[in-house]
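Below you will find the structure I want to go over with you.
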Amino acid sequence: MTTDTVTAKDFATDQDVRWCPGCGDYSILKQVQSIMPELGLPKEDIAFISGIGCSSRFPYYMDTYGMHSIHGRATAIASGLKAARPELSVWIITGDGDGLSIGGNHLIHLLRRNVDVNILLFNNEIYGLTKGQYSPTSELGKFTKSSPLGVIDQPFNPLSLAMGADASFIARAIDRDPILLRDVLRAGNLHKGSSFIEIYQNCNVFNDGAFDPYSDKKRKAEETLILQEGKPLVFGLDNAMGIQLDGLTPRMVSLATCSADDLWIHDSKDHTKAWLLTRFFDDPKVAGHFPRPFGVFYQQERPTYEKAMQEQVKQAVEKFGEGDLDVLLAGRNNWEI
Amino acid sequence: MTTDTVTAKDFATDQDVRWCPGCGDYSILKQVQSIMPELGLPKEDIAFISGIGCSSRFPYYMDTYGMHSIHGRATAIASGLKAARPELSVWIITGDGDGLSIGGNHLIHLLRRNVDVNILLFNNEIYGLTKGQYSPTSELGKFTKSSPLGVIDQPFNPLSLAMGADASFIARAIDRDPILLRDVLRAGNLHKGSSFIEIYQNCNVFNDGAFDPYSDKKRKAEETLILQEGKPLVFGLDNAMGIQLDGLTPRMVSLATCSADDLWIHDSKDHTKAWLLTRFFDDPKVAGHFPRPFGVFYQQERPTYEKAMQEQVKQAVEKFGEGDLDVLLAGRNNWEI
Amino acid sequence: MATQLLEKATVLFAGDSGDGMQLTGSQFSLTTALHGNDLATFPDFPAEIRAPIGTVSGVSGFKVNFGSTRIFTSGGKVDTLVAMNVAALVKNLDQLKANGLIIVNEGGFDARNLKLANYTAGQNPLTDGTLSNFQVITIDVNKLVKELLKDSPLGNKDRDRTRNMFMLGFVYWLYNRNPESTLQFLARKFAKLPDVMAANIAVFKAGLHYADTTELFSNRYEIQPAQMPPGKYRNIMGNEGLALGLVAASKKAGLDLFYAGYPITPASDILHELSNHKNFGVRTFQAEDEIAAIGAAIGASFGGHIGATGTSGPGMALKTEAMGLAFMIELPLVIVNVQRGGPSTGLPTKTEQADLLQAMFGRNGEAPMPVLACATPSDCFEVAFEATRIAIEHMTPVILLSDGYIANGAEPWPYPQAADLPTVTPPFATAETPYQPYFRDEKHVRQWAIPGMKGMQHRVGGLEKQELTGNVSYDAENHERMVKTRAAKVAAIANSIPEQQFDSGSTADPIVVVSWGSTYGASKVALANLRKEGVPCAHIHLRYLNPFPKNLGALLAQFSKVIVPELNDGQLVVLLRRAFLTPTESLTKIQGKPFLAAEIEAFVKQQYATL
Amino acid sequence: MATQLLEKATVLFAGDSGDGMQLTGSQFSLTTALHGNDLATFPDFPAEIRAPIGTVSGVSGFKVNFGSTRIFTSGGKVDTLVAMNVAALVKNLDQLKANGLIIVNEGGFDARNLKLANYTAGQNPLTDGTLSNFQVITIDVNKLVKELLKDSPLGNKDRDRTRNMFMLGFVYWLYNRNPESTLQFLARKFAKLPDVMAANIAVFKAGLHYADTTELFSNRYEIQPAQMPPGKYRNIMGNEGLALGLVAASKKAGLDLFYAGYPITPASDILHELSNHKNFGVRTFQAEDEIAAIGAAIGASFGGHIGATGTSGPGMALKTEAMGLAFMIELPLVIVNVQRGGPSTGLPTKTEQADLLQAMFGRNGEAPMPVLACATPSDCFEVAFEATRIAIEHMTPVILLSDGYIANGAEPWPYPQAADLPTVTPPFATAETPYQPYFRDEKHVRQWAIPGMKGMQHRVGGLEKQELTGNVSYDAENHERMVKTRAAKVAAIANSIPEQQFDSGSTADPIVVVSWGSTYGASKVALANLRKEGVPCAHIHLRYLNPFPKNLGALLAQFSKVIVPELNDGQLVVLLRRAFLTPTESLTKIQGKPFLAAEIEAFVKQQYATL
C-alpha cells in the first residue's frame, strides 16, 4: 500500500456507527479519519485501543488494528503494546469516566512514563453508556441520575491533573471546531511522547449543551481563547480583548487600552504558563470569568519510555551478547554426573 | 476520659514495633503520638487507616481504632469511614508505593473530593516491604532489584500531582526534623479538608541516605528551604540566600546583593506560588539546583465532602420528612385486594 | 361490541430505541397491576444508548404477561405485538403466537425503514404474505399524530415523540384498561411543560378513541383481577425491591445504610433508587471504581453503618481482593451482583446466571462467604433484607446474586408493613468484659466495636490474626484454627435459616427440579404444567446457595433424577456435586435470555422417559 | 578422625533476620549440589523486613535436606541445627531429631537475648536441661570473631555481620564440604570491598579450622554423591526455573517475552530474574499495579510478543477482570500465581495451595482457562515452558500455579539442551485466505494476526463476538455457540497433553494418592515408605488441572479409595467431584507450611485400615 494514495475513507470499516444521532463523537471520528493519511503510515501499523464507554466504541470504526478493551484499562494495554512495538502508531480512545474515573491511575502513570501514544479523552462531563450518571468532570451541583440532590464531588481539571502527572504534551479541542481539532490531533501525533488531548464532546442525550458557551456562534468569541504559538493571547469579538500577565496574575485587558505587544505571548514550551492556562477553568456563568483556552497548552521533548526500554535491550545485548539459551540454562555453577 | 491528662504514651499499644532498627518510621510514629493529645479528642474518636507496606504497619502501634487494610485502598476505605462518621478524626498512613503506585487513583479522587482526612505519605523512594524494588518516586537511573539496568520511569512529583488533583492542603516534612514534622502534622490536623503530607523517610535497609542532602547537618542549610507563613524565602548558611520572583521565574539571590524585602514572601493561600514551589524538585546533584522546600505549601478552605453529604441528608429530611419505612414500602401507586 | 374473557395475555410493545417503548410498557404494567391482574414484565433493549435508528439492533421491547391467575414468568409466546416500525416487527415475529394480533404503525414501514431492516426495494412484510398467519391491524400513526398536533406549538421532534401514546391508548381500549393512572402520570411528568403534556394526553386519548370508533375489532378483551391473596399491593421492579430491602433491613437493625457503587448495567438503578432515600439516613457514594466502592463500604461498616455495594460481573471481579479483606476483618457487608451476560464485557444488557462460581470461589485463599439469590422482582426485597440480616447478625460479608432479568422485570408485590418485618440485632460489644475483637460467641460470631466506643480501640486487618486478641499471628496452628473457624462460622448460618421446602411436589415424586435465582418462574410454570400432564416431579427452589439449608442433601438423595436448569454452563451442579456427590442432569441455556417454561417441560419429559 | 557415611542429612541454619541465614543456607546448598548430592531446600523467613532483633518472630531459617539417594522434600526432622541465638533455638527445637546435633552461638544467649525470647531472668535453655536429649556444641562465635577481626579496618557492625561465615565454615568441615566455591563466591561478591572480603574469608576459614582443631567431634560425616541419572546439573530455585521456562519457550516460539509484574511476595523474584535477561529480547515492565501489569501483558501479546504476568493471591484477585478480556479476545498469555497463605493479605511469606478454585472459577461469566501446577523447583521450568506452549499454540490465557514453598526452594536440576526443547508454533495468520479473526481450526484455535501484518487489520474486544468475523454480536444463539466453542477449545487441549501416568503403583492397588503442585515431594516420599511397609497404594501427580488428562476419570474409577492431600481446605476434591463424581478422602493442612511425608503416611494408613 503506498500511503500517499490513502484517503480518510480508507480508514472507515464496514461496521454501522452506533452513536446517537447528533452525538459529538461523529465529528471526532471524522476528524481523526481525515488526518490519518497524514501519518504516512500503512493502516496495519496503526492501532486504536479503547476502554469502555460510548466513546470507546471508536476502534470498531477505524480500519486499523484495534482493541475495545475493558473499562479504564486502555492506557495500561496501550503501554504494553507500545513498549513491545515502538514502531507502531498507537492511539488511545477514552472518556471522562473511562480515563479519569476508573482509569485515572493508569493514565497518570502513562503520562509520567511518557509512553509515545496519543490519548484522546472524549470529555462529555457525563457517563453516556450507562445512561447519565455524573462523571469526575461533571460540575458541582449538577443533577443526574445518581445525584438527584446535586453533585457534591469537586470535578477534576483534566489538564491540571495531566500537568501534575508531568505530561509532556497537553491540549484541548472541541467536537464542533473541526479545524482546530484536526490541528491539535496533528500536533499530538507529531509529538514524541504522551500526547494528552482533552476533547469537549457534546452528549446530546444526557448532557446536551454542556459546551455551548464554547461552540455557540454568539458566545464562542467571548468564551474561548485560541492558543497560537508565538502569538499574543487575544479573544472576544474582533479579538478586542487580550490577556496580560501581572507578575503571577493573569488579567483580561481591552486592546483599546493596551497594546498587543504587552500581552502574554503563547509559548507552549513554558511549563509555568501552561499551568496557568490550565487554571483558566472558571464556570462561564460566573461574572468576570476568563475565557476557556483551546489548542496546544504545552509540549516538551523528553525521552520516551519505549525508547529507553529498547535502549536497555540493546545495551544488554552489547554487554552480554545476544542471549544464548544454552548458556542461560546452564547457569553459572554446574556439574556433570 | 478527660483529654487534657492524655500524653503521647497513652497512644502506644502493647505491640512490638517491627520496623528495622534505624528506620525513619520510628521518628514519624513518635511525632504522631506526641501531637495526638493536642487533637483534644478521646482516643476512641480517632482512627488510623493504612494500606500495605512497611509504613502501613503504623496502626498497630496506635491505641486508637485502626485498620491495616489492603494495598493501595486505605484512601478508599477512609473515605467511606469519614463520610459515614464525619465527627471522627481520620488519619491515613500510606507509602510511595501504596499511595502513588497501586493507590494513586483513590488518592487523587479523595483529594478532589476534599474528604477531611490527614494523609501521611511515607516517601522512602523504594518498596520496603517487598525488599527493594523501585517505586514511582525512585529517581531515573536508579539500580534496584527490579531495575538492574536502571529505572527508566520518570518519577512522580507527589506534591505537583496533588495540586493537579486540586488538593486543598499540601505539605512536606522529613523524618529527621521532628519539630518541623510536628508543626506540619498540627497544621494538617487543623485544616478542614484533605491534608496531603509527604514525609521523606529514610529506609536504611534498601535506600539508605536517599534524603541525606536534606538531613545531613553539613548540607541541610543549603539544600532545604523552610517555608514560613508571611516570611521571605531564605535558605543557606545563616540564611544568606533567598528566592526572588522575576515574573514567573524564581531566582536564587544572595542577601548580600538583595534586600529581604524584595524576596518572595511565602503565602500558603497563593495557589500559583504553591505550584511553583512544588516545582523546586531538582536533583541535588545538578549544579545550580534549587533548595527543596519543606513546610506547608498550600492551604485553602473549601467545603468538605462529608459535610456536603451530611447536608444532603439533612435537606432530604427537611424536604421529605424523616424517612417512614411504611411510606417507602407502599410506594406511590398501590391497591388493595 | 363483545368482550372476550381471557385468563391471561402477553403484550409486547416494540419499536425503535427512541420510540419510548420502555415508558409505554411501564405504564401498561402499572395500569394492569392497578386493575388487579398478576403480571410479570421483561424489558429488552439494545446495549447502545441509541443504536442506529430503524435497524434491527436498535429495537427496544417491553413485554407484559398478565392474567387473572398467578403469573410467574414474563411469558412465552406473545398474543399482541405492537410494532412501531419494520425492524420491530422483523425482530419479534418469531415470538408471536400462531394467529396472534399485530398492531402496526404503517408510518414505520416507509422505504427508509424497509431498507434499514434489510428489505430489498419493493419488498414489504406487510404485503408480501409474511403475516398471513396473523391478524394484522395497520394504522398510520405518524400521519394521524401529525394531523392531530398540527396546531401544537411543539417542534416536529417533540410531536413525533408522542406516537407511543397513541399505541398505548389503543391497547388500553383493546384490553379494557382504565386510562386514569396514565393520565395522572402524564400530568405529573410534564407538569412543567404544559404543551408537551397537552400533546401527549391528546394523542393518548386519540389512540383510545381510534380503537373505539374505527370498528377494527369485533371484540375487546377482559382479563379479570387475579385471585391474589388479599392484602395491599404495589408494582415493584427487581432493583427497586433490592434497594428497599437494604433500607428496610438497615432500619430494622437501627443502623444507617451506606451504599457505595460505580455505575454498571444492570445494577446502576440500585444506586439511583437509593440516592433518592437520603431522608432515611441513607448515604450513597458514587466511587471512582468498584474497588473504591467496596472499600468505602468497608470503611462505613467499620464506622458502624451497614455498608453495601452493588455491581455486575466485571465489577464483581474487581471487588474480589477487598472481599477477602472484609472476610478477614469479619465486618458486615452486603455485596450485590446483578448478573449479566459474560464473560468479560459480554452482553451487558442481557441476563445470565454465570457468576455463581465466582461468588463461591472467586477469592484468594480459603474465604467462604454466604451466597443468596433472588428469584423474582418482589423476592429481591426479601432476599436483600435477609442478606443484610445475615451480614449484621453473623458479622460477615454476604453476596447477593440477582440478574438482569429480574432486576428490570416488575410484578405486583404484597408489600409488608414495617412493623411486621423482623428485628435485626447487631452484635455490638458491651462493656461487661474487656473487649477482645476476635472473641466469638457460640455461633462463632465476633463482637462489633465501632469508633466512639470507649476503651474498645482495636486494630483489624488482612493479615492472619490471633484468636481472641486479633493481633497479627504467623503461628501455624493458629492459622489452621482460624481458617476452620471462619468456615465454621459461615456454615453455622445454616442453623439460622429455614429448612428447604418444596415449591411443589414431594419426595414421593421420582424427579425433582432444583432451580435458583431467576429461573424460578419458568420452573414453577413448567412444573405446574408437567404435573397437570401427569409427570411426577417436584420443585425445589434455592434461595440459600451457601450454606445450603441443612436438610437439602437428605432431600435430594431421595430422588432418582435431580434436574438443574440454569442460565449458565452448569454451575449449581458443581456445588451440589461438591456438597452431596449428587448426580445431576444439567439443563443449560446461555443465550442472554430467560428460560421458557416449555424448554424446561421438554427437558423434564425427556428425562422422565429415560427413568 | 573417623568419617561416618550417611545416606542423607538435614541441616537447618537459624538465626536472627539480620544474621544472614539465607545466604549461609544458599552457599551450603550450592556446595552440596556441586558435591553431587541430591537436595531440596526450604527457606523460612518472617514477613517483616527486619522483625525485632532477637525475638522469636524475627527468626529466619534455611533448611537443606541432602543425600546420596534421591531427595524429594526439604526434609522432615532435622539432624543438625545451627542456632545463632536463643530465639532461633526456641523456635526450631521441635524440628530436631531425638539426639540431634545443635551448634549454638553462645554469644546469642546473653541476658538481652534471653529476655527477648521470653526467658525470665536466670533461666537459660543451655543450662536448664531443655537440651538434655540432644548433642550440644556451644561456641562463642561473637567473641571469636571479635578477637579474630580486632585489627580489621571494618566497623563493629560489619565485623559482626561475618559471624554466619564462621558457622558455615564449621558445618562445611562437619559434612566434609569443599570450601572452594564459597571462597570464590566471597571473592566475587565483595570484589569492590576488599576489607569486607578479607574479613569474611578469614572468619569462614576460622570456622573450618575451629572444627578441625578443637576436637569437638569424634567423627565427621560424609554423604556421597547421589545416584542421579548422568547428565549436566545445576542448582535451581523455583522462581528462577519458572523465569527460565518462560524465556526458553518464547525463544522456541520465535517470540519476544514481555513480562509485566507488580512486586509481591513470593512472586517478585520472577520479575527480578527476568529483568536480568534483556539480552534475550526480554522486556520487563514494573507496572503501577497488578491490573496494569496484566493489561500491559495483553497489549504486548496483541502486539505479537508473548505476554506474561506473575503475582500472588491478592494480585491474582485484581487480575480477574482482565483475565476475562484475554479469554474473550483469545490471545496467548501466561498468568503465574505463586500462591501464599491466604485469605486477603494472609501469611505473605508462607506457603499454601488455596488459590486453585480461584484459578478455575474466579471470573465473571463462563471463562474456563487451562490451569497447570508446578511440583518442584526444577519442574517450574518444565511447567512454565508447557504453559507458554499451550498459551501460544492454543491462543488462550493459561494459569500457572506455583507456591511459596517451591518458589524459594532449590534442588539440583539436570538442565536440558536448548536444541532438545520442543519447538512452539504460533498459529500466525497467512495471507492465503482473507483473514477472519474468529475463524477456527479443528482444535477451535483462531489465527493470530498482529499489527504490521498487511490487510489483516481487525478489532477485538470484550463484548460477545460473532463467529468468524469477530464483529460485536448480541445474537442469542451465536452467544451460546461461542460460549460452548470457547469451552470446547480449552477442553480440546486434553488432546495435546500426555495421558496421566502413575508416579508409583498401579491400578492393582486399592488406594491412590492424588497430589498436585508442591505436595508432590512429600507424597512421593510417603508413598515410597508406605509401599516399603506393604501398604498397597499408588501415586498420581497432576500437572494438568484443567483440562484433566483424558484418562484420569477412568483411572480413578478403578480405586476403592482416592486420597487427596492438599495445603488448603479441600479444593482439588471439588474439581474431581465435579468432573467424575469421585468420592474422595481429603487430607488437608492449612498451616502455611508443607506436608511432612509422615503426615501423609499416617493418613493413608488410617484410610487403609478402614478398607
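Letters A, B, C and D mark the chains as written, and numbering starts fresh at 1 in each.
In this section, a contact is a pair of C-beta atoms (placed from the backbone, for glycine too) under 8 Å apart; a residue touches a chain by one contact, two chains touch by 3 or more.
Keep in mind that this is a model prediction, so the values were computed, not measured.
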item	value
Greatest separation from chain B - chain, by CA centre	C
Result of counting contacting C-beta pairs for B-D and B-C, higher pair	B-C
Chain A and chain B, separation of their C-alpha mean positions in angstrom	29
Between chain D and chain C, distance of the C-alpha-averaged centres to the nearest whole Å	46
Whole-Å separation of chain centres (CA-atom averages), chain B against chain D	39
Sequence positions of chain D contacting 2 or more other chains	57, 278, 288-289, 314, 321, 324-325, 344-345, 461-463
Where chain B touches two or more other chains, by residue	52, 70, 101-102, 104-105, 109, 136, 149, 153, 309, 312, 315-316
Footprint of chain B on chain C - complex, ascending	30, 33-34, 36, 181, 225, 228-236, 244, 247-248, 251, 256, 258, 260, 277-283, 285, 287-289, 291-293, 295-300, 302-305, 307, 321-322, 324-325, 329, 415-418, 450-463, 471-472
Chain A - residues contacting chain C, complex	16-21, 23, 52, 54, 70-72, 101-102, 104, 127-131, 133-134, 136, 145-149, 153, 205-206
Of all residues in chain C, those that touch chain A in their complex	48-53, 55, 57, 262-265, 268, 271-272, 275-276, 278, 284, 286, 288-290, 314, 344-345
Chain A partner contacts - residues on chain B that touch it in the complex	101-102, 104-105, 108-109, 112-114, 136, 149-150, 152-157, 160-166, 245, 247-249, 270-273, 275-276, 279, 302-303, 305, 308-309, 312, 315-316
Chain D to chain C touching residues, read off their complex	46-47, 57, 312-314, 316-318, 320-321, 324-325, 327-328, 339, 341-350, 352, 354-355, 357-358, 360-367, 461-464, 474, 476-477, 479-480, 483-484, 487, 568-569, 573-574, 577-578, 581, 583, 589-593
